[in-house]
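You will see chain A twice below: alongside chain B first, and alongside chain C after that.
On to the complex of A and B.
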């Protein structure tokens, strides 16, 4: 009986269901912050600065309205703390709240990157501490945290490889980077950003690198092979030592995409597999929050022969203090402004210390247990692309529903109606109707069971009422959006109604 | 086990369902010689109270600039940020979300990104802004590389007065792409020798206010770019453009900047926030993410990531950039900050900065130091001391004042030069104290 809902409640409901832009809440003269007031003499601004502008047309809203605006928007956003987030390749594990507390300490927040080194020994100790944990966990000779995201770390690794070949007088000759057909898109994009040509290497029927194809592609033009291990199929590459040997035999280098490090922590070390370098995503494996798409933290590990090319400065433990080593004549140079995502390093260190030597292997062990459990429970409705024990994620195929007109995306969208974030869809590209599920170790059996029950129910619904899936999600503030229209009538900047929209 | 919820009974039931005896059986594909034997050589686990104590002890080994007066800038500034920023970005719905690939469940974040793009584009006077880059230096390097895509030229001309770290990152990125970097020489603290720019230029890169705090003449740089068919790229401190005529008014093609002064802590230089805006004709070459407004099947307005065919996960090696994860949470922080300041607040912050800076210049000149460059400045200036800047900086630190950046060696100055920044947070009393302490130190 709608008339029993008071109008005021309806208004409250409307602020969440029909959010207005903050620009549309603006009223001239309001301000949302209690700002510092200068007590120094006034100056003639035009005489001091030159040409001045008209006002910046930012919204004018009260402080309370600022809070309401963003709190209401948070209500229509889904995070790990909202519910299960099994997004494959993204390692959406719990981000411990103590990490936010330690990263919020004033002695970490309120320090400047160009202060004298003896005034920031605690900060340098954090960076060094993370580096020492990561060296031990990965088995690499050196770690730098200067790259600020995973793709940035990949690119930095390729730059080190480029410098290495150049130093050997092979810079002009080695122009090709080999990349498996199952790789993340960042791999070829990073290779292109280092001026390399990309050649794709197929995956064999078992889901491993096709060694015959690899051998055929290897010659002295190859600069590097970029391998994801475990692969994006969620499978450990059992021939990894052989792969590295083959590439090294022709003078190439082997990079490990570390997006899937969560499967290996404390169990196996990529530095022992034969890799020359790898990137890590501290925002995946080591629990720093994803923040809606960053900040990331793309630390890289490397073997001794690449160390002299590392981006300077290098955070180094000396006899009495930690210092910044700028004396690196062979360095490729800086790749970001300072020393990486320092406050993320504080979070990662807090996390690493919470597990310690006793606990670290449990990360990979329970991540792998959870993924295999989901794979086993869904085997009847969504078979795995490869019938092998998976690592920290399982790649399933929804291809049997295609003849009913139901795609992987439809299943995913219906999951939203059940209160779960969907898995990764259509990736890796080589699996038809792929659904890549990464539960992570921080989810309980109870959560996994509820998720699997929902998946099974949706697959049944696919057979009985496919339109329920096509029309999903039906529970969110919007349904599926017209993405073609978003491109055709590009609206990426607020304009007052009287103004013309940006068109391209 | 911290953060891992499995009971022994749960684990056993799960193993039964999978059909294996132990967790070890799930790792059979890892060759035995590659398994870790025994424990890793790292310290033992700590409980939450110990974690806090350990980190607090480390934090206390740093000189906390909430208690020491900070006149150090050089790209990272001690500016005010309201409490609302932290309150919003610590909400789990935002903090623990991934990139909004599922727009139906991510409308909150997507709308804030649209608002962010709108405010940054407005600030810089540009058509479009993207949804953030890593930091100001990589944003500048990406802009240079984008220019090489636009006009297929392989040489970038860059002012000698950009931040030295930005220059280093630009050099690294360009080296990897086989792009040549040519420096435009400066004179008296501003970029001068534009005659060097030739018609092989992909772009002309200028920073304003530049590394010395001096306000550059954007019109001259633009004319040099236009005369040679090059793009005009500006690296611009966002706060200065609360007052200054924005780069868009000077026909800039791409504008980049470091967003830290818009609500982020200094945080030892990370995480930061790269700003990136451009003219609409280049929108299909822009790196990174862009959010657009559209409608759903029932005509309801909503937001989604758009122009996705530029991006690495779709175009792979043909993508406009390799950037994937960016600085979304920092962009959200700055969106809250910009909303809180609004039209009047940004002007007030910029004006307070100018007043404090001018007052500091006046007081510091009375100490026997002089301004190295006679130019219009915003927030920052080069002070030439009668003796070593490092010595003076260290002596002032003993008195609770961080005086600035000694410029000898890596920072485009002489041994006696000190780069001093004065933000809206500094007070008359702090500036007076700085001046009198400096006088003491110099005598």
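On to the complex of A and C.
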């Protein structure tokens, strides 16, 4: 029986009711290109090269059919420009269009990274401008924009820490990286990739780093502590200065995972908390495209004692011009080609200058306000995992619906029927039935209210008609997907119905 | 939640069945329910020595990847090859068809430190 559609649903009927693959639209003889008659002698390709297309069945479609196919596919997309996207730990804020206007300016778009420095002073000024803004916002001594993703920035920070310990003759001794049990999975992955052994540090009942466990784990084998602040629980670590002191006391370094920087912009500075280095996601916090629209920029900030190891070249402001400093004998070397993703610097600078020094604190203030508003409005139906003010995101638990057979995933899938992207589910791992909601500062109270109304309606439905949630989504071109089957029998190649599907 | 009385349990949600000096190990009904549909189980080779609390494998579900911790020290005698193709056995039959490894215990006394079914059930209610 088809699911009934929620009355309050913000329904958007899809243009594409029954999507077909372009192969299924193929009709023999249809052609999408009109080639002019050749004025040179014709060569029999099959005779010279063999039949390259043997066994390959291309769809035969007209240009118009191709156009309709892909435009219709684009209508099935969901993004920040179609609706609210409260995916936790992802900072899906709106990226203003003016970013695209500046990134599209010919002077930025049509230059080459090998042009002489004195011919691209404007571009170097942009990179240097972003660097100076970020130094002031984070309180760090230096910034590099070379890493092209958040995890890439994490790994680069660990490489700097490794180089630092090696230069002090402690490279062989310091083999352990400590990571809280609430961390993003990329933290242990980056540490392992850099050759470190990972030890997990528990979180205490208030949601903070367990200081007793941390002290017990600290000794002179510790290379670094990787801590996310605010944590993935959406909570500011009140003992952060103490944490940094403890790690420094045994000679370790402290890395800040900056995924949650949106909670701090213009309000407080990680460089002042005692961190030795951190990564930033320009594609989250500083409004460059995110998620399929990339490329990303995982800029990193670092203190003076790590500066000589940073990736070369370092974009440096001289007396009369900005130049690329390659004279860095202790550098870990490049971590990406040229200077990172240059056009992301153009977008980030546009964003930073549009806000200006006076406006930037409003980013974190409204991000924190919005998350606390959602947390308060949903408190009765989905209580917070920790009952204290949250930062830019709130982590709620749906565990009370488990006895009704309703899981966090079911609530999220039903949310799709109300026209919203689901929040992050089942992360952080230490919260049962976690739903992690990050509204960002760019959403209005009206949007947050519509979202909260939908969540409250779904939780009511969970008690009255749990199957409606189990069968959700009901309004999309496909229903509930079998995620296990999709992982185990990944099927990405078109085969005619008569043939067996290909699994890999 | 199904917690068979004749098995021993760990805080990290493994179950252990002791027969002589051989321990059969899997994950509990509660663990499979929390993980969701299991899509991949990574198990050690037979013959590998494992220490107490050492990570001996991983379980990947649609939600997350979890480590498996050795509740006892010893040598891996046999692993459940069926899980390579039928990982859903961990969900559908966690205490029988979904078993993971058999370990020949090097210190059977370690089994005394494991939880009883009653103690494990009580820990789930907390």
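Methods note: the second predicted complex is superposed on the first by the 416 of 504 C-alpha atoms of A that agree within 3 Å, B and C clash if a C-alpha of one lies under 4 Å from a C-alpha of the other, contacts with A are read in each partner's own complex, and residues count from 1 in each chain.
Note that a residue touches a chain if its C-beta (ideal position, glycine included) is under 8 Å from a C-beta of that chain, and two chains touch if they have at least 3 such contacts.
Predicted model only: the values in this text are computed from it and were never measured.
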**Asked** Which partner does A:455 contact after superposing on A: first (chain B), second (chain C), both, neither?
**Response** neither
**Message:** Just to be sure I read the superposition right, which of the two partners does A:426 touch: chain B = first, chain C = second, or both, or neither?
**Reply:** second
**Request:** May I ask you to decide whether A:243 touches chain B, chain C, both, or neither, giving the answer as first, second, both or neither?
**Result:** neither
**Request:** Based on the superposed arrangement, let me know which partner A:160 touches: chain B (first), chain C (second), both, or neither?
**Result:** neither
**Request:** With the two complexes superposed on chain A, say which partner A:396 touches: chain B (first), chain C (second), both, or neither.
**Result:** neither
**Item:** Contacts of A:483 with chain B and chain C, given as first, second, both or neither
**Value:** both
**Request:** Have a look at where A:143 lands relative to chain B and chain C in the superposition and call it first, second, both or neither.
**Result:** neither
**Request:** With both structures superposed, pick whichever of chain B and chain C touches the larger number of chain A residues.
**Result:** B
**Asked** Who does A:59 touch here: chain B (first), chain C (second), both, or neither?
**Response** first
**chain B and chain C contact sites that coincide on chain A, given as residue numbers** = 483, 487
**Fill in**
Per the touch rule, the chain A residues reaching chain C in their complex are 409, 425-426, 429, 432, 483-484, 487-488
**In the complex, chain C residues that touch chain A** = 34, 36-40, 61-64, 87-88
